[in-house]
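Next up: the structures, one after another.
First chain A sits with chain B, and in the next complex the same chain sits with chain C.
Our next item is the complex of A and B:
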């Protein structure tokens, strides 16, 4: 058990290290000079921009050779210093990212979990009800193939603009500031539904199809046939089949986490939802190295963290893994 | 297991169903509809810091929270009192005597005195518009401050009198001047003198709340009807338009909206300054800027030929759907009372240009750029291939459309011109470093109290390629005589228009003869308002609100503030 976990931890740390290094490198491959962008905002007021450029360049560490910048980045990371933003100067990256992260999490975590649970349930249902299978399955194929961006825009147009049921911009109404009241919570939820739905429905299709296929396979397996031959009730057979079918789905969940991040970005941009995705989009266009690094760091942490959590969960869910470790 | 799943499903369904019901029901909002005015267009990015003297000032801060000494009426070309009753040049021509209005106070109740004025204009270098040419600031008494200039640049000073915010000495003297632009004042430290205070903010909005103890209620006999002003971050066109036509959470937008003519025609509640074309007041001039360090743009004849090749009517009608106007003449001055005295039509007529493709071809032929190999495109006089690109930032759709028309025009006279749409960062980099071929720009060409700001933008600086140019002469046009003329212009008192016009005529003559930068079209001050809740907007039939309808940063001081104080509830 210990060996399993320590090996896992080592792999994750290695992956993390590689990820943050690539994270650091990629923005710097973009052409252009972010300090110039920053100074252009000053240009109409200050008289000595050349000096300001030199100062800012030094402050952001851009005047050092590339490798020194990399080491500085790593050192700052260990201290939790994500640096200062360029396009949102003088706000620190940590301030911006920590403000945006909760919005992204409230969007993606419920969407992932609920689509997983509901999708698997519906998939299992379709696997044993032929009528459901014939009617709903093609719909799921459409859902899973739908780009997040397109579904977001469709929902925004139909349910937002046309039918006026939901707002299409922001995390809460412009006619209020956050307060600990029920009406604020309702308002927040009101704004949350469409972005959530965009991610939820696309993911739902995938899980449902996957589960449906797995259940059909399991119901046809030798042990299922044997149980039925022994006269076991249908419900029991289905329960065993479900437990087995669940495992590949959980592996799939770990993989899907990366994909859903991208989906969340486009959804946030369409709905102007102030999460990490929107910040990231702005930072990339504004060539803000530090915010891009900070945002990607959050993404890497979340995805790796969730993956690690699922790996550990496996020990409890899959008896074969448990036994193989004890055998170790 | 299954039961809990079913429960989750049911709970989810219930939640989704009740939400629209919760929404359509009487919503208890924190801000009353009739107490609030919602605006957008002036805020492009999240509010970063409520520091009024740094760059990236959140929209509304200067004007609503912090005030300037005077304001400028951009429609009638008049300086009007605000914090200051008057700012008068003394007989020596170097001393500006600023007299404050009685009773000026900060939002915490403490008095705003001449000390604060003196402090504001002597504080630091980055954070002070008069750094370098203010000698001293003498406080005569509580209300009076003498600004003594070693080098009175009258036009620049005039501009800052109505733009620059006065800051409280007691807060800012504790911040070292080098850190002034970095300083992020907390809400408690954001003490301004203006009619509104910052109530709250988030990534996509800033909420200002009216200060009912504002000094100007008595001192200027002015009040603001909206208890709250909510500035919303600029959003996608379609979202802004959807919100604007509903009118529930958006009253006014100051951003460019394509398709506006059709949109307002279908929605009688929407109001633009002019009912028909051009819908908007003119605000700034867009120039075509060739890079003089590159061939063939260093050839004056070539540049002049370009001016004749551009069909501005097409830009106005096709790219902008008649929401803008073209310049009155080749000088390209903004049609605005403040600049009228300098609109020397005769120079434009004698030395200017007009859309004439034949003339463009003739000029190109005469300069030696002919099509020698019969491919329909002209070459250099020595026969080598001639090709260049013209850049505007990607995403500025109206500029992109206009650019396509321009490059098409160039191709029609045989020039191999290509439109280029770099993202904003690269566009700015190339511009500042002088690495572009040709681009469009309007940074310093906005409405102001004198065309000095325009000529400062175009001709006052020169930075060789390899160093960064920030003010305006991005094409590196090197004309020292012109630079000196612009500085001379700045040193002539504002009221001596005849004297300054003599200088301006010289500037304009050189401009027309050399054609270093070509004025293209005049951008509008984008403005569209929903009249369902607030009315008496500028331009409405029977409106008493004759003010510049813009709430952009630094346009509040040229009319936006007055506008906000004069709108009325329907």
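Our next item is the complex of A and C:
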């Protein structure tokens, strides 16, 4: 058990280290002076360019050799210093990103978990049932092929703008301030429904297709045939098939997390939802590279954390993993 | 039953998903190839008399706020979207195949090293990598976009191909070739690759579709081609110009719908092929 977990932790730390190194390396590999690029944007607002250039140069140690620049970057990172935002001046990147994170998490985590549960259930239901399968399967394929942002736009246009059922911008009404009152929570949920639905539905199709295919495989396996030969009811055989098919789906969940990020980012942009994705898009448009890099780190950290969580959960879900560990 | 001689072809022609997928892709190929004959304007040309006009007899899909012809944009956008999918799909498949093949075939520390790299890149979300790459590129064309998408999309291919290679490696004919002193490269290309051909085709199709979706997302958050047009860019421009609030549906419905259709078509094609090559999945 310890060996398994410590090996996993080592891999994740290594991955995170690679990610932060990429984050440092890419801006320096690209053509042009990164500091100059940075202040070309600032120059429209700031007055003293030369002073700013010197200041930033010193802060990033651009005059020092590459390796010490790298060490400086790591040192700043361990102190939670992600740099200074330009478009949201004078806020720090760390402050902006940590304020946006809760919005992204409360939007994506429920969407991922619910679509996983409902999708698996529907997929298992449809497998090897001709009528149901033929009618819903094409629909699921179209759902997984839909760009998140297009579904978001359709929902915003139809349900938001045409029918006026839901607000299409922000996480709560402009007139309100976040508070723990019932009316605020209702207002928040009202804004939450459409972005949630966009992520939920696109994901749903994929899970349902995956589960359907896995169940078909499992129903063909020897143990299922044997159970049926013994006269077990169809429902029981399916239940066993489902328990086996769940495992690859959970592995798939870990893989899919990286893809859901695409959905989360674009959906937030469409609905002006103040999470990491919206911050990222605004930073890209404003060429605020510190914020882009900070958001990158936050996204990577979240996905790594979720992957680690799934790895640990696997110990409890898959008896084979558990048993192999007792042998250690 | 003359077709029975050719089992694969028999099932391929009978498979409904495969036929639907092929039909959709063929339709968009036609749009892409024959479309320019009907597109009377350049993508960025001022075409209509009125801005934001709904579909009419001159501008078949209406105009944008900048008086551009949406039908023309749609034709050229479909072209570049296909190009991105194709190029990025080729790049991603090639990198993933090579790494997976060699890691699985050579084995040992070489395998461990490559798989460590693959596993690391697999967990880092590729959209995050794409954003950080694209954000620092001062000029982005369709080709550059394809290259960066292809270069970040290969890890799962490498992992899947590696495990396939590992299982093929154990087969008798490969061992025989090895004992007879055939070079590893020749074994990979002559004995292992042909056995994986169907798999490679399916991987390519999935990479094709995935690349299109990634490109659309990049376009939408402002990291699309700095010049030219694509279906994703059309949606971004529609969104930026408040098409949702004002109800210019003709600006974002055709582009979004065709991306959805193209990618669904590719997925149908992929599943159809899977069923043809994989008897267990066929309808019973």
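Basically, the second predicted complex is superposed on the first by the 281 of 328 C-alpha atoms of A that agree within 3 Å, B and C clash if a C-alpha of one lies under 4 Å from a C-alpha of the other, contacts with A are read in each partner's own complex, and residues count from 1 in each chain.
Definition applied: a contact is a pair of C-beta atoms (placed from the backbone, for glycine too) under 8 Å apart; a residue touches a chain by one contact, two chains touch by 3 or more.
These numbers come from a predicted model, not from an experiment.
Asks: Regarding the shared-chain residue A:261, is it in contact with chain B (first), chain C (second), both, or neither?
Replies: A:261: touches chain C, not chain B.
Asks: Taking the superposition as given, does A:114 touch the first partner, chain B, the second, chain C, both, or neither?
Replies: Touch partner of A:114: chain B, not chain C.
Asks: Once the structures are superposed on A, label A:70 by its partner contacts, choosing first (chain B), second (chain C), both or neither.
Replies: In the superposed model, A:70 contacts neither chain B nor chain C.
Asks: Which partner chains sit in contact with A:154 here, chain B, chain C, both or neither? Use first/second/both/neither.
Replies: Touch partner of A:154: chain C, not chain B.
Asks: Examine A:168 and indicate which partner it touches, taking first as chain B and second as chain C; both and neither are also allowed.
Replies: both
Asks: Once the shared chain is lined up, is A:293 touching chain B (first), chain C (second), both, or neither of them?
Replies: second
Asks: Who does A:188 touch here: chain B (first), chain C (second), both, or neither?
Replies: neither
Asks: Once chain A of both complexes is superposed, is A:216 in touch with chain B (first), chain C (second), both, or neither?
Replies: Second partner only, chain C.
Asks: Of the two partner chains, chain B (first) and chain C (second), which one does A:90 touch, if any: first, second, both, or neither?
Replies: In the superposed model, A:90 contacts chain B only, not chain C.
Asks: Can you pull the chain A residues that chain B and chain C both touch?
Replies: Of chain A, residues 31-32, 160-161, 168, 285, 287 contact chain B in one complex and chain C in the other.
Asks: Which of the residues in chain C come into contact with chain A in the complex?
Replies: Counting only chain C, the residues touching chain A are 20, 116, 119-120, 122-129, 131-133, 135-138, 156, 209, 213-214, 216-217, 220-223, 232, 235, 238-239, 243-245, 247, 249, 252, 256-257, 259-261, 263-264, 266-268, 271, 280-281, 283-284.
Asks: Of all residues in chain A, which touch chain C in the complex?
Replies: 11-12, 14-15, 18-19, 22-23, 26-27, 30-32, 128, 130, 138, 141-142, 144-150, 153-154, 156-157, 160-162, 168, 213, 216-217, 220, 255, 257-259, 261-262, 265-266, 269-270, 277, 280-281, 284-285, 287, 289, 292-293, 296, 299-300, 303-304, 307
Asks: Taking the touch rule as given, give the residues of chain A at its contact with chain B in the complex, in rising order.
Replies: 31-34, 36-37, 39-50, 52-53, 85, 87-91, 96, 99-100, 114, 117-118, 121, 160-161, 164-166, 168-171, 173-179, 183, 186-187, 189-190, 193, 197, 239, 242, 272, 274, 278, 282, 285-287
Asks: Sort out for me which residues of chain B touch chain A in the complex.
Replies: 1-2, 5-6, 8-9, 12, 15-16, 19-20, 22-24, 27-31, 33, 36, 38, 45-46, 48-49, 54-56, 125-126, 129, 131-132, 181-184, 199-200, 202-205, 207, 230, 232, 235-236, 239, 242-243, 246, 249-250, 423-426, 428-429, 432-433, 443-444, 467-468, 470-471
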